[in-house]
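Okay, structure first, notes after.
Lettered A, B and C in written order, each chain numbered from 1.
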Amino acid sequence: MGFESPLLLTLDLLGTFAFGLNGALAAVRFARLDIVGVLTLGMLTAIGGGIIRDLILGATPPATFSDWRYLTVAAAGALIAFAFSQRLDRLAWPIEILDAVGLSVFAVTGATKALDFGLGPAQAVILGAITAVGGGTLRDTLIRRVPSVMSDGLYAIPALIGALIIVVAILLGVEGFVAAMIAAAVCFVIRVLGVRFNLNAPMPPGVRTDDSDRADD
Amino acid sequence: MGFESPLLLTLDLLGTFAFGLNGALAAVRFARLDIVGVLTLGMLTAIGGGIIRDLILGATPPATFSDWRYLTVAAAGALIAFAFSQRLDRLAWPIEILDAVGLSVFAVTGATKALDFGLGPAQAVILGAITAVGGGTLRDTLIRRVPSVMSDGLYAIPALIGALIIVVAILLGVEGFVAAMIAAAVCFVIRVLGVRFNLNAPMPPGVRTDDSDRADD
Amino acid sequence: MGFESPLLLTLDLLGTFAFGLNGALAAVRFARLDIVGVLTLGMLTAIGGGIIRDLILGATPPATFSDWRYLTVAAAGALIAFAFSQRLDRLAWPIEILDAVGLSVFAVTGATKALDFGLGPAQAVILGAITAVGGGTLRDTLIRRVPSVMSDGLYAIPALIGALIIVVAILLGVEGFVAAMIAAAVCFVIRVLGVRFNLNAPMPPGVRTDDSDRADD
């Protein structure tokens, strides 16, 4: 994985847990699924980005699928969300935080693994972002929402920036734990500020950004 | 494939045929597609689960794609459904039976192949279920329905149970034709009973199971 | 790629550019996405078919992802569509032409690469068509439309014919630039005539083709 550090592995698993929780809550809120649907959607959100990353890299079977720790942590997040879905509805803020942690860590681990497999820098940055947003995109597609990556303020941009920082750091030879933490932290801060202040990327010329008839209504 | 037995290969092809028929009928009923759309959806339903399985295992090109028998049988099922769609509308019950056959066989073959490729037991069970439900999930996504695996009573659960039985059998050294048949039969019976008696997995606490405004309406 | 010829590489990149433009315009028109969404959808449309092709062939990382020229051309098409989306709305015809170019070239390159990787003739024809329609299918799924391949007149059929011609030519030993050009040209002409005269593949017996309540409304 390029992340043999126990702390980074812990962060990676924390991100998996957060996405499992998040995907399962989305299943409860937007699609009223039963326990199998909630578990499926939570786990797919948690490990889907890593599966897409590893399929593109040819690193099969995908690490997030073959490593039992990812499956366990993803399932735990989904089951907790299932059990406490009513109570967790009041806790939107910590869930957004955990979601941002997952986004940040997966962008960094995805880009690092892409470099390890010999991809070029630009491709590594893009694959880092794909890893970060992939699980959520599968989630939204299955419950028939326009994916967050295409409609939700600053979502792909912080992932791209985080991946860019770690790729530049590795190319400069300053790889390691500190560089990864800084890259993830920058991604995290941009994402959280974007959510907090409702920042948005530019719309096409002539399209008003305040219209309310977006496709995901 | 782990299934050199002619009878099991026959069952596997029968499952492919059933899913081809089923996917094509869904195309006619829910999306009013032309012959290309019906053929595409039927074949994707029939061989999609096996393709996902083999991509995850790194067994490329996927067996259901490179082996002409699967393509032929899938296309035959789809074309028959296209030609006789009006008449087949009155035959829902045999179609459900064939669908359950496909689900059962694919769960068993998928789990067996996963063990052959060195995945752990839990991963093999999950991959068996993914093989069983994967084609239908692609089908439902393309015609914009919430996938059966997330909303349709007992669909993933019998697949997981069937896969679990064959994995335990293989780990105990009692693999072979009889074990596979028993595993598939248990999956089949649970699925058919679930359809017959409209059984459902538990909903999240506080969500009534009798509400009719589900997301797939 | 089987296409070392500079002219065919140019055509391939032109097809990528056309699909990038087309996907981004679809993002602006049908989903009102911001710049990240437009760029994502444009690039996915442009390189998605090649990624699916290479995943099935086990040719990882996919050429359209690891080769910076495809990424650059796809991004350029998407960004131009973003900037000039209002003006391009009046230019539907050239966009359809470019889309048909992409469809034609990808059908031929996809089928050729499939033969290079040892697939059988029928599988190569199908994989050529998958390469041609794959990107557009991902595009339509993400913005929640029934994919063109299943609902839009003659779309898969010209791709299948173009792929069939190049496969037959290669099996007859007359491969090379001229054969590829003829195969792509036949696909292109059928597609353009289909759009121009609104040709459709047959509907299932008993389904009227003039009804207006199709699933993609």
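As a convention for this text, a contact is a pair of C-beta atoms (placed from the backbone, for glycine too) under 8 Å apart; a residue touches a chain by one contact, two chains touch by 3 or more.
Note that this is a predicted model, so its numbers are computed, not measured.
Of all residue numbers used at the contact between chain A and chain B, under half are used by both chains, marking a mostly different-residue interface.
Rotation angle for the C-alpha superposition of chain A on chain C: 120 degrees, rounded in steps of 5. Taking each chain's centre as the mean of its C-alpha atoms, chain A lies 29 Å from chain B. Taken residue by residue, chain C touches two or more other chains at 55, 58, 141, 144, whereas all remaining positions touch fewer. Interface residues of chain B, counted against chain A in their complex, comprise 55-58, 117, 119-120, 122-123, 126-127, 137, 141, 144, 146-147, 149-151, 155-157, 200-207, 209, 211, 213-215.
For chain B in complex with chain C, the touching residues are 27-28, 30-38, 40-41, 51, 55, 58, 60-62, 65-66, 68, 71, 82-83, 85-86, 141-144.
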